[in-house]
Each structure stands twice: as structure tokens, then as C-alpha cells.
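The two complexes that follow have chain A in common; it is paired with chain B in the first and with chain C in the second.
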Partner chain A sequence: MHSFGYRANALLTFAVTILALMCAMASICDNLNHPTPTSQVQVLNINWFQKQPNGNDEVSMTMNISADLQSLFTWNTKQVFVFLAAEYGTPKNSLNQISLWDGIIPTKEHAKFWIHTSNKYRFIDQGSNLRGKEFNFTLHWHVMPKTGKMFADKIVMSGYRLPQEYR
Partner chain B sequence: MNDYDFIHGPKLAKQGVLLRVHFKMDWQGQKLAEQLMQILLLVFAVVGFLAGYITGSFQMMVLTYAGGVVLTTLVTVPNWPFFNRNPLKWLDPSEAEKHPKPQPQQPVSSKKKASKK
Partner chain C sequence: MGWFGETMDSVKSIQIRQALSQALTLGLIVTSALIIWKGLICMTGSESPVVVVLSESMEPGFARGDILFLHMSEDPIRAGEIVVFNVDGRDIPIVHRVIKVHERKDTGEVYVLTKGDNNEEDDRALYARGQHWLQRRHIMGRAVGFLPYVGWVTIIMTERPIIKYVLIGALGLLVITSKD
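Coming up: the complex of A and B.
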């Protein structure tokens, strides 16, 4: 502590150590937040439903996705990544997850939204199992914090069924 | 620079008092500077964290703490005169010559002084 350099060095080291502790505390505080998000998906139309020449089924649909994810946001949240997946089981794969739409929510103000869209990514099965198939829509999200641990969770919405015939 | 001052304290005292006042911190001053630094930083960390948490703004926390670090730097890093209220009292060189040190111990004592720095 006898010279300018020693004191500057000690101060900087201590200051940065404390800053790291503050960031850790901020991350720990996120565990106190118990979010209650909601979401709904309506299938408005099956645009087309066909078997590709290679034998895989493909569907195109128009959906209305609405969600309220505002409760996911805390003071330590940078953004939330959210994606909607269709999930179903087949004899070959016990769980198929197909991402149909995704988005990045930058602020709490944008976290209550609805969107009218056809599937952004192609809904193709590995095989020909989609006729009359019952499936779930699952809204997955990843909460990206400014510092610390990333949280991920999902809402499962069940009770959807694809048509019996190609169209 | 400061090491040099400590070792050659008596000479400097003769050369000019100004140098001693402006470029040095005494033992108590160094202790005070260290304690002030730690206490101020901890206080600003707590204040910044609470401010950020209450306003719900991470930026608020960082800015409050950054302001605190700058203030702490200004208070504790420069050689302020109030860190030199208990200056070391060196023997005057003429006084020291009247009481010569015992010869065998001289190298040991000078080493000790150097290592204290």
C-alpha cells in the first residue's frame, strides 16, 4: 500500500472480485422468480399434406400462436429465445420433435404476443406416419440472462390431430 | 520512487520537506487507505445491488458501482496529505553519527529495513 501502483492494483483487483460476486448474486436472485407463462396454438388451416417422392410425409399448416411470457423476465434477463415444436411418437422413434417456428423476444414489452403464420420450418416426418397422427404442440423457451445460469422450460399443448387423407 | 524515499528518509528531509509531504504515506496512512478502499467498495457494492434490484435495472447496478469505484480510486489512490499525519521521525544525520551502530549488526539491520518495504 506504500505506492501509487500498489494501491491502484489492490483497488482494481478487489473491485473486480466484488463485481463478480454481485453478478453471481444477481444470477442467484433469478431463482426467486416463479414464472407463470401461458400459450395457445390454433391450427387454422392445413395448406397441403402430401407424401414426398422419397416416401416421407410433409405437412404445411397455418397457425395462430399466442403466448404471454412476460413473467419470465427479471432484471437479469437479456432476452428469451422461444420455439414451437410439434412432438409425436412413431414406432421407429419414440419422440419426434420438429421445430415449426421460433423467435427471439428482446424485452418484456414484446413478451405478450400473437402471430398468425404458416410453419417457418418444414414439417417433414422420417417415414410415412403422419396420416391421422395425434401430436402435441410444445412451446419451448430459453431464458438468457445478463449474467449467470440460463433457464429452459416448456409448455405442452396436446390434443391436435392431422387429417386422415393427403390433400 | 517511494521506496527510495523511505530508505533515504533522512537525506530527503534535509533536501526539502515538500517532497516528503507530497509523495509519501506514513504507516498509519497506508493502513487507513487500505481499510477505506475495502469499506467504500463493499458499501458501494451493497448500495448498487439494492438500487439495481429495486429499480429492476441491471444497468443501474453496474453504473452505481462504477461510480463508487471511481470515487474510491480518487479517495484512496493518490497520496493525499491526510494519509501522512503521522510521519516517521528519522534521526538527524549529525545525531546518528554521535551514536554509531554496533558494527557486527549493521548488515543485519539494514537488510531488515529493506525487507520491510
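Coming up: the complex of A and C.
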């Protein structure tokens, strides 16, 4: 009954149970945090705007993105993945989401940022619907915990209307 | 002689009983593991509810050896979600993030482009030849939860099969030799 093997087994089982319980508690704790992030985006310039040979519209732009995501961080946060998406509807598609810029925020100290950038991923439509198209800038974030459940949310920001003509 | 025979009989019957109960215990362990796995499949709606991260393409979010819990619901797929997908002609599923979504109005079919957080380029190079978008049928589930390090057990076992056999052998021996 009280052999070495049994004691080792009991100790291991107990240790793993406690560890699992602590992981679960750490993850549940995250629900108590009610973040209030803010962000702003400003289009500075349309660098070029054209129709590709295959008929899809493509646009390149320069933007200022600023955000304060410090309130997202808790003690169980490993990193926050943040990205800016252009969202719009077209006659063919009920929703188009195109990521324009993304970044990984490793610590709370880096969570209040300001960046001047052109779009990191190509802004290409499925078709030729971008002339005069108004789209929404949406800042999405995905909180990756040290362990447990992942959280995601977004802020929909002011829209922007693309020019009527290619340039 | 009568006394000896009785003793032998009782010893024999005990051993058969013991063997039976050990077989039962072993069966119970195997079946309960199977029940948990199938139950998870049922609850999450994903054919493989738990995956182990094998590559460094999602660093620093997910490292090699982390475990992801998947969920497959009817909710439409949106940009930013981490999905697990199968590409035609590849055996190993890939865990990457969605960066572009186009959803058709008439059919509701989605066209999705993915990228690993730690990769420079999007995943078009990983897809089948001529494939530009992932569709619903390629996607096995989306990651909803995360447990670090635990997946190393399976990585070690697949890379060094000898350890697996030693472990299974030791466990089997333990079950057979244990008295109660």
C-alpha cells in the first residue's frame, strides 16, 4: 500500500491537479478585466490606385495609426496581436476584410503607440469596386494569454472614401 | 491430499480473478480515454479538438510543443482568427492567422488568406498549386484556448518511438504487477 511507487504517483497526481487548477484560475481571472482601449487612424496619402491586368482594383496608401491598448494587459497576458483592417461590402461579396497593417505587442510598455506606415499587405479587391468606395477602418486585437482562453475584440473607426479616379 | 487440492483450487481461482480484474482495469482506462476524446469531438464540432504546434511560424504567440484547443462552430470565419487548415496534398495541418476574408453574398462561401505571425510572406506558397484562397472545407477549426509545453510529450514520442514503447511497456507491467 505505502510503497515508493504509490507515494510518487499520489504526489504527481496532486501536483498536476493543482497546476491545472491554477491555470484554470489564471484564465478565469482574465474575465474580470474590462479594457477600454482607444485608437485613431488617419489616411495621409493615396500612393497609387490602379486596376491590375486581371481586373482587380489595387490601392496603396500611407496612414498614421495611433492606439492605446494598455488596459488589455493583465498578469496572464503573453502578448497582444493587433491589426488594422479595411472592411466593406460589394455587390458580389457581403463582406470583405483586408488586413492593412498588423503588429505584436509584447508588453504593456509598448501598448501605447503611434506609427506612420503604408499598408503592409496589398489592398486588392475581388473585382473592380474600389473607385469611390467607402470602407471602415477597424482595429482588431487578439489577446494571447500565458495559458487559457484567448480573447478578441475590435473598435470600428471612422470610414474613408477612396477617390473616384485611378491615379 | 484433500487439503492440498483445496488450497490449489483457491490459489488458481484467485489468480484467474486477479487476471480478470486487471484486464477490466486496463479496458476501463482505454475506454475512458476514448470516451473523453470522442466527447471532445462531439462538444467542439472539430474532428481533431486538440492539436500540437509543430513549427515556429506563429512565434512568439505559439511555440513548438504548445497545445491548442480547437472549436468549429457555424459562425463565419473572420480576419484575425487563428485557424487550423488542411491543404490538398499535405498531410500535416497548419495553424495560421487569417488576414483577408471575402464572403460571397449569394452562397455565403468564404475565401480566406492566411499568414503565420512569424512569417514574412502570406501562405499562398504553402497552398496547392494554383490555389489562391482557402475555403470552408479546408478549415478544421479555430483555436480558442492554449496550454503551453504539454505537447512536448507527443513530439518526443513521435520523434523517438523507442520512448513510446518503453513507456507503454512500463505502464503495462505496472498494471499487471499491481496487487489492488
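In the analysis below, the second predicted complex is superposed on the first by the 166 of 167 C-alpha atoms of A that agree within 3 Å, B and C clash if a C-alpha of one lies under 4 Å from a C-alpha of the other, contacts with A are read in each partner's own complex, and residues count from 1 in each chain.
FYI, contacts are C-beta pairs under 8 Å (C-beta built on N, C-alpha and C of every residue); 3 or more make two chains touch, one makes a residue touch a chain.
All values reported here derive from a predicted model rather than from experimental measurement.
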Worksheet item: Superposed on chain A, are chain B and chain C clashing or fitting side by side?
Response: fit
Discussion item. Applying the document's definition of touch, where does A:A8 land relative to chain B and chain C: first, second, both, or neither?
Written reply: first
Worksheet entry | Winner by number of chain A residues touched, once chain B and chain C are compared | C
Worksheet entry | First, second, both or neither for A:I115, with chain B first and chain C second | neither
Worksheet, complete the sentence: Once both structures are overlaid, the C-alpha centre of chain A sees chain B and chain C separated by an angle, to the nearest 10 degrees, of 40
Discussion item. Contacts for A:K146 in the overlay, against chain B (first) and chain C (second): which applies, first, second, both or neither?
Written reply: both
Practice prompt. Return first, second, both or neither, reflecting whether A:C29 touches chain B, chain C, both chains, or no partner chain.
Written response: first
Item to complete: Would you sort A:I46 into first (chain B), second (chain C), both or neither based on which partner it touches?
Response: neither
Worksheet item: For A:N93, is the partner it touches chain B (first), chain C (second), both, or none of the two (neither)?
Response: second
Worksheet item: Is A:I18 touching the first partner chain B, the second partner chain C, both, or neither of them?
Response: first
Item to complete: Just the number, please: smallest Cα separation between chain B and chain C in the overlaid arrangement, in Å.
Response: 8
Practice prompt. Kindly list the residues of chain A that each of chain B and chain C touches, one partner per complex.
Written response: 146
Worksheet item: Hey, which residues of chain A end up touching chain C in the complex?
Response: 5, 23, 27, 78-79, 81, 83, 85, 91-99, 102, 104, 106, 121, 126, 140, 142, 144-150, 152
Response to the item:
Residue set of chain C touching chain A in the complex reads 60-62, 78-82, 97, 99-105, 108, 111, 117, 122, 143-148, 174
Practice prompt. Using the touch definition up top, name the residues of chain B that touch chain A in the complex.
Written response: 1-3, 6, 25, 30-31, 33-34, 37-38, 41-42, 45, 48-49, 52-53, 55-58, 61, 65, 69, 72-73, 76-79, 117
Worksheet item: Where on chain A does chain B make contact in their complex?
Response: 1-4, 7-8, 10-11, 14-15, 18-19, 21-22, 25-26, 29, 74-76, 146
